[in-house]
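Order as written gives the chain letters A, B and C; numbering starts at 1 within each chain.
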Amino acid sequence: MSETVTLEVLRYRPESDSEPHFQRYTVPYRDDWVVLDALNHIKDNLDATLSYRWSCHMAVCGSCGMMINNEPKLSCHSFLRDYRGRVIRVEPLDHFPIERDLVIVMDSFMDKLSSVKPYLIPKQDKPLGAGEYLQSPGELNAFHQYTQCINCVLCYAACPQIGLNEDFVGPAALALAHRYNLDSRDGGKDARAEMVASNEGIWECTFVGACSQVCPKQVDPAAAIQQTKISASVDWLKNLLTPGAHK
Amino acid sequence: MARSNKPILWLPFAGGGLVAALVTPVLILITGVLVPLGVMHLHYETIAAFAHNPVGKLILFGVVALPAWHAAHRLRMTAHDLGLGGGITVKAACYGTTWLLILAATGALIAI
Amino acid sequence: MSRRPYLRKVERSWWLQHPRYVAYMIRELTSLFVGLYCALLAIGLVRLSQGAAAWDGFVAAFSSPPGVAFQLLCLVFAIYHSVTWFALTPKAMPLVVKGEPVPGTVIVGAHYVAWAAVSAIVLIAAGV
């Protein structure tokens, strides 16, 4: 009898369940398996009704975010060998409505992303004939880490302020806004401030830092938000002392 | 959604956090350890002279008011985290008591 | 098939569910003791304005065993505030010098140096 591992997986079928409940599965233990492999084994061999999102299996697509033993993780990035000897509890990401089993409703996040105007808003209109925007490696370095977000929303699951207020714009969206605000080609900080510097934006954050701890891409959204607090406060002072002078 | 006026609360919070981090521990060391042990003395004449000086007044105000404000704002946010809400009661308790503290300190410094 | 999304409720004890959030609460609690010590200082200033007798009474009160015990508690939390505050500074204020990011340890280290310097100045000025 070769080694096995037990997964305790949250199930929720809206057509038949009044509320979620746990179901246990026993899967083979393999040294090189991740939790996603175990879920795929369950789906292929034990219970085809189990629903979950996944795609790349290499921590770049951001699809397979789940709570694994109470920690937001990518299931393709969570090795069975790190949970040896324990029951592995698999649940959908915290703070999001559960659609079915391990699948969450992500609509609110998609809205928050687009609300921060995540695209270049040039300082001045430039005709196509004027040529490309030039950017030095140093200028790229300034915002590069904030481009690495894979929209896995582990940070939203980790953030207690999201848990307490689902209207909080949230770590990934604010990190993305920061990515554009730091881009030398961009002039849209004021346009983004409507959302970013609102009460539901950066000011809901209390620098818990959990978002940056769980981020699989080292984006460091917490840093992005704190830097934005300082920048927004400076802009607020400028507007107070010289109203209308800054556009 | 509109740009928030939170900076008016946050800027003194941030300044107070830095003052609290750099200055408060040594002050507690003085009043909580060195003076009770008799290693140091805070004679009325010396402290009153310092507080009589306008620069001294400013420094004393800074080390009392800024960390106090830092605490007020942070405790208001923590009350929300603990499920006590963010309503007028919490705000009054946090900012109100701190304003009383700041006014008392200011009044005392003006009187000295 | 009809949809019926289920949102799990956030418990009031959410912060007890993971050591990361317990640590966060302790960190935030440091501000309570900073605030309480500022109240002590404010009372001190009021006593100072009331004359030598009132001031001496204040010194006697904070030098008493309960006064010292309270202040030692404040000191522990105040130091923890300093340590956690300095640790977070590089995230809020990243420095780039001549195109190279300054390592976080340098920024934190500079704060510890400033902490030592300010403490020394205050101690010397207060007449240790």
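Note that a residue touches a chain if its C-beta (ideal position, glycine included) is under 8 Å from a C-beta of that chain, and two chains touch if they have at least 3 such contacts.
Computed from a predicted model, the values in this text were never measured in an experiment.
Student: Consider the two chain pairs B-C and A-B; indicate the one with the greater count of contacting C-beta pairs.
Tutor: By number of C-beta pairs in contact, B-C is the larger.
Student: From the C-alpha centres, identify the chain that is farthest from subunit B.
Tutor: Comparing chain centres, A lies farthest from subunit B.
Student: Mind checking the centre-to-centre distance between subunit A and subunit C? Centres are C-alpha means, answer in whole Å.
Tutor: Result: the chain centres lie 30 Å from each other.
Student: Give, as an integer number of Å, the spacing between the C-alpha centres of subunit B and subunit A.
Tutor: Centres of subunit A and subunit B (C-alpha means) sit 37 Å apart.
Student: Would you mind pulling out the distance in Å between where the CA atoms of subunit B average out and where those of subunit C do?
Tutor: Measuring from centre to centre gives 11 Å for this pair.
Student: What are the residue numbers in subunit C that touch two or more other chains?
Tutor: Residues 15, 28 of subunit C touch two or more partner chains.
Student: Could you tell me which residues belong to subunit B and also touch two or more other chains?
Tutor: Correct list: 77-78, 81.
Student: Could you list the positions in subunit A whose residues touch two or more of the other chains?
Tutor: Counting only residues that touch two or more other chains, subunit A contributes 160, 164, 206, 229-230.
Student: Would you pull the subunit A residues touching subunit B in the complex into a rising list?
Tutor: 115, 160, 164, 193-195, 197-201, 203, 206, 229-230, 232-233, 236-237
Student: Provide the residue numbers of subunit C that touch subunit A in the complex, in ascending order.
Tutor: 1-8, 10, 14-15, 17-18, 20-21, 24, 28, 88, 91-94, 96, 99, 101
Student: With touch defined as at the start, can you tell me which subunit B residues reach subunit C in the complex?
Tutor: Of all residues in subunit B, those touching subunit C are 17-18, 20-36, 39-42, 44-48, 51, 60, 63-65, 67-68, 70-72, 74-75, 77-78, 81-83, 98, 101-102, 104-105, 107-109, 111-112.
Student: Touching residues of subunit C toward subunit B in the complex: what are they?
Tutor: 12, 15, 25, 28-29, 31-32, 34-35, 37-46, 48-49, 51-52, 55-56, 59, 62-63, 67-68, 71-72, 74-75, 78-79, 81-82, 85-86, 111, 114-115, 118-119, 122-123, 126-128
Student: Per the contact definition, I'd like the list of subunit B residues that touch subunit A in the complex.
Tutor: That would be residues 1-8, 10-11, 14, 77-78, 80-81 of subunit B.
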